[in-house]
Amino acid sequence: MRILYAAILLLAVLVLNFSMMHLAPGDVADTISQSMGGADQELLDQIRADYGLDQPFLVQLGRYIGNVLQFDLGFSFFYNKPVTELILQRLPATLLLVFVAQILALFIGVILGVISARKPNGIASHFVTILALFGYSAPVFWTGILLLIGFSLKIQIFPVAGMRDVTIEGGFWIHFMDIARHMVLPVITLGSIFLALYSRLSRATMMEVLGSDYVRTAKAKGLSEREVVYKHALKNSLSPVITLAGLQFSAVISGAVLVEAVFSWPGLGTLAFQSIIARDTPTILGILFFSALVVIVGNLLTDLALRLVDPRVRSKG
Amino acid sequence: MSAPPLQPQEELPTARHPFAEAWEMFRRNHAAMVALVVLTLIVLTAIFGPYIYKTDPFDMVWAPFSPPGVDGFLLGTDYLGRDLLAALIHGARVSILIGLAAALMSVFIGVTVGALAGFYRGWVEEVLMRVTEFFQVLPTLLFSMVIVALFGASLPMITFAIGIVSWTAVARITRSEFLRIRELEYVTASRASGAKNGTLMFKIILPNALPPIIVQAALMVGSAILFEAGLSFLGLTDPNVVSWGQVIGSNRQYILDASYTVTIPGIAIFITVLAISLVGDGLNDALNPKLRQR
Amino acid sequence: MTAPLLKVENLRIELTTRDGVAPVIDDLSFELGAGESISFVGESGCGKSMTALGIMGLLPDKIGRIASGSIAFEGEELSTASEKRLREIRGNDISMIFQEPMTSLNPVYTVGEQIAEVLRAHQGLSKSAAWASAVELLDAVRIPNAQRRVSDYPFQMSGGQRQRVMIAIALACEPKILIADEPTTALDVTVQAQIFDLLNDLKRQTGTAIIMITHDMGAVAEMAQRMIVMYAGRNAEQGPVDQIIDRPRHPYTKGLISCVPHIMATLTDERHELTEVAGIVPSLREFGKNQCLFASRCAMVTQECLDNRPPEIEFEAGQKSACWHAGTV
């Protein structure tokens, strides 16, 4: 049921994609003729006929969707490669960045939330308040550049750009550590915004939960403080935070586009940036489609996580 | 022998105009008051600054990378020798104008969608909420990038691109407020006395749903400014107009030589958005009747 | 003579509020013998629940504290006991059930787990042994099909069933004292009667002493031998239930009794109008004043009531009343 709905959403993304391409000034024929250094009207018409651009809108749309179902998102004249291939090359880097940042932000956010909920006037709580203001107000690309100036240029701890050092040789662990080192700053930059969101919500729900009747019951049972907080309270405070995290997937990807641009991270964001400058429409739309796919998958994962922590969701099926 | 008269439990506050009461609450929030002053200064700069500080932000006025305070340029010059202070003052206009216009647009769409969904329920709600979910699935920044890339980077198009992707939160808030308020007695009473749907929606329910929408709208201005900064950082901006994000974007290759060309415009964005969000917090305290009773 | 099971002496509990510190329990003393049951009666806000939380050592952090007096459980002072020691007692020797069965169980764990964990914590039972006991306990609180329902989550149960689960949790370690804080207020009338029956039966089987907190005189008559009427944090009247209902010595008690038609009148009697105790409970600011706090609602009020706090006057069979006019009520 959920998956069917996800498929319909994706179909809608395709329709939107195609309509935008159709509405936008200039078409594939123009692009091709530009890359050939100009063409006369006859040749343009020839190209349009070849690509089926003279067909009615719905026919073209149908064919576009048909192609996508066969994993064909068109051809990038700029990169001279099929768009699908281009995107699949870049997708893993973005997925890595997005999921690591999300998971770390969630994990640390919840921990901060718990600590600051237990001591509403403690250091952690003030940190959460300040982080929340900063995370909301500071442009992510600016934070990234500041970190870059601080920890790659002034103090040279982390690499300036990219995802791996091509000169490095060695086994899996060496490469793993190399990527990890490259990831630190991008992940901190991207994760801090969401860490701010999650820790603030986590603190609020945790405070509410700590005042709830069932926590009082747990105390009345004579359970230890640790069991009361980490067994009874924590699991109940997770659902709202996970729900919020699920809603943030599209924002995380948006943030990733900017972070990738700052750190030259070889993912979809950088690709999008480059193809926009190159006016490579098929690639841009392909990226939009794939990123929507990532959001939808992220949402499905969120649902699964919610089912794990909350039996009420589970029983609704 | 008679019972002593009942003492009133608490002095009842005298009824005042709700705006006066909200203002009273707002004033008690010191951070929000400071933020309001800062914000007013920024807006005044955006409006009048360009008439007072007349240096054209595109003119190459001095040697490149002249640090702040040296050679008479308060904030220094960028990689092309352009005056950074001029860029900030002129950039404020674009940031705030786009921020306001995009927020207005998303509030308009969001309130319309949310109100219709919350008021009519049934298939109308079903369809509108699906559309809302659809927009939540598209990564906002990428979608705006695509719109701007395909249809041109004019200021109205940028505003549209930001507004069209940012309304979902407003729609959700409006809908849930409508769902709550439509069940209240006074709405039922108005309905029973024959009020038309339009009257019910906009004259009776909407005014009562406004407080959270206003707070959200204030926050929307902040996020729209951030959004615009992101787009112009990526170069997706009107090349004939200077904006804060664009200054950062165009100078970022030179951070090793002149980090101030990036830090200073960033601080401008940061302070503006921070001020807006603090004012938003203050509005939240002032307009939220549940908090007020604490 | 051995020490009574629970002996509370001159207990004073203070709450810090915005308006300052208020004594929500003011000079309360009572005793509870093994297997006995006692009821606390009064309107909401009179400090009944605070007494319970005070005994459990669960007063709200930083806001509430035991200012003076003593709570002795089997001769052991609880008001100064360590948190660790209190944890050993809670849920094991003294346990408690609450007013809100709908929210008192943790929604994300099965009821079996919630019963079993208290057995694991206090009796060191293994996972499987605790689970088996949980099934038996569910059966004991008369939840049909316990074997299967033990894996249910709270949201799959009705309010009455949830309160039965709460009772099972509370009785799991066979405590010496069970504190029941308005256990039936949130339930339907028919379910209320079932819960009272259950509590009475279990009490007979296990010999647990029960402290029953309620605002319902009907519940008192059904559940307890002795009762304490509380008003504004103070003991208004205490003594044997039958004797007090028969002959209340405090105008407040009298008012409470007249609220309940079925204690006074049989069906054939002429129906009296339901009277309420007129007026409202004083605000926390009034607590602790040196006067009779009921004076503002009392029909028998005299200058003396407003000038001085009434002393406790003793009558036969341990009935005591804190009223200047106790003799003439």
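Residue numbering begins at 1 within each chain, and the chains themselves are lettered A, B and C in the order written.
What we mean here is this: contacts are C-beta pairs under 8 Å (C-beta built on N, C-alpha and C of every residue); 3 or more make two chains touch, one makes a residue touch a chain.
Given the structure is predicted, the values throughout are model-derived calculations rather than measurements.
The highest number of C-beta contact pairs joins the chains A-B.
The most distant chain from chain A, with centres taken as the mean of CA atoms, is C. Chain A and chain B have centres, each the mean of its CA atoms, that are 23 Å apart.
For the pair chain A and chain C, the distance between mean C-alpha positions equals 54 Å.
One finds 53 Å separating the Cα centroids of chain B and chain C. Every residue of chain A that touches chain C in the complex is listed here, in rising order: 212-214, 216-224, 227, 232, 235-236, 309-312, 315. Partner chain B is touched in their complex by these residues of chain A: 9, 12-13, 16, 20-21, 23-25, 133, 136-142, 145-146, 148-149, 153, 247, 250-251, 253-255, 257-258, 261-262, 272-273, 276-277, 279, 281, 284-285, 287-288, 291-292, 295-296, 299. Interface residues of chain B facing chain A in the complex, by the touch rule stated above, are 133-134, 136-143, 145-147, 149-152, 222, 226, 229-230, 233-236, 245, 248-249, 252, 255-256, 259, 262-263, 266, 269-270, 273-274, 277-278.
Considering their complex, residues 56, 58, 86-92, 95-96, 98, 100, 103-110, 117-118, 121-122, 153, 155-156, 166, 169 of chain C touch chain A.
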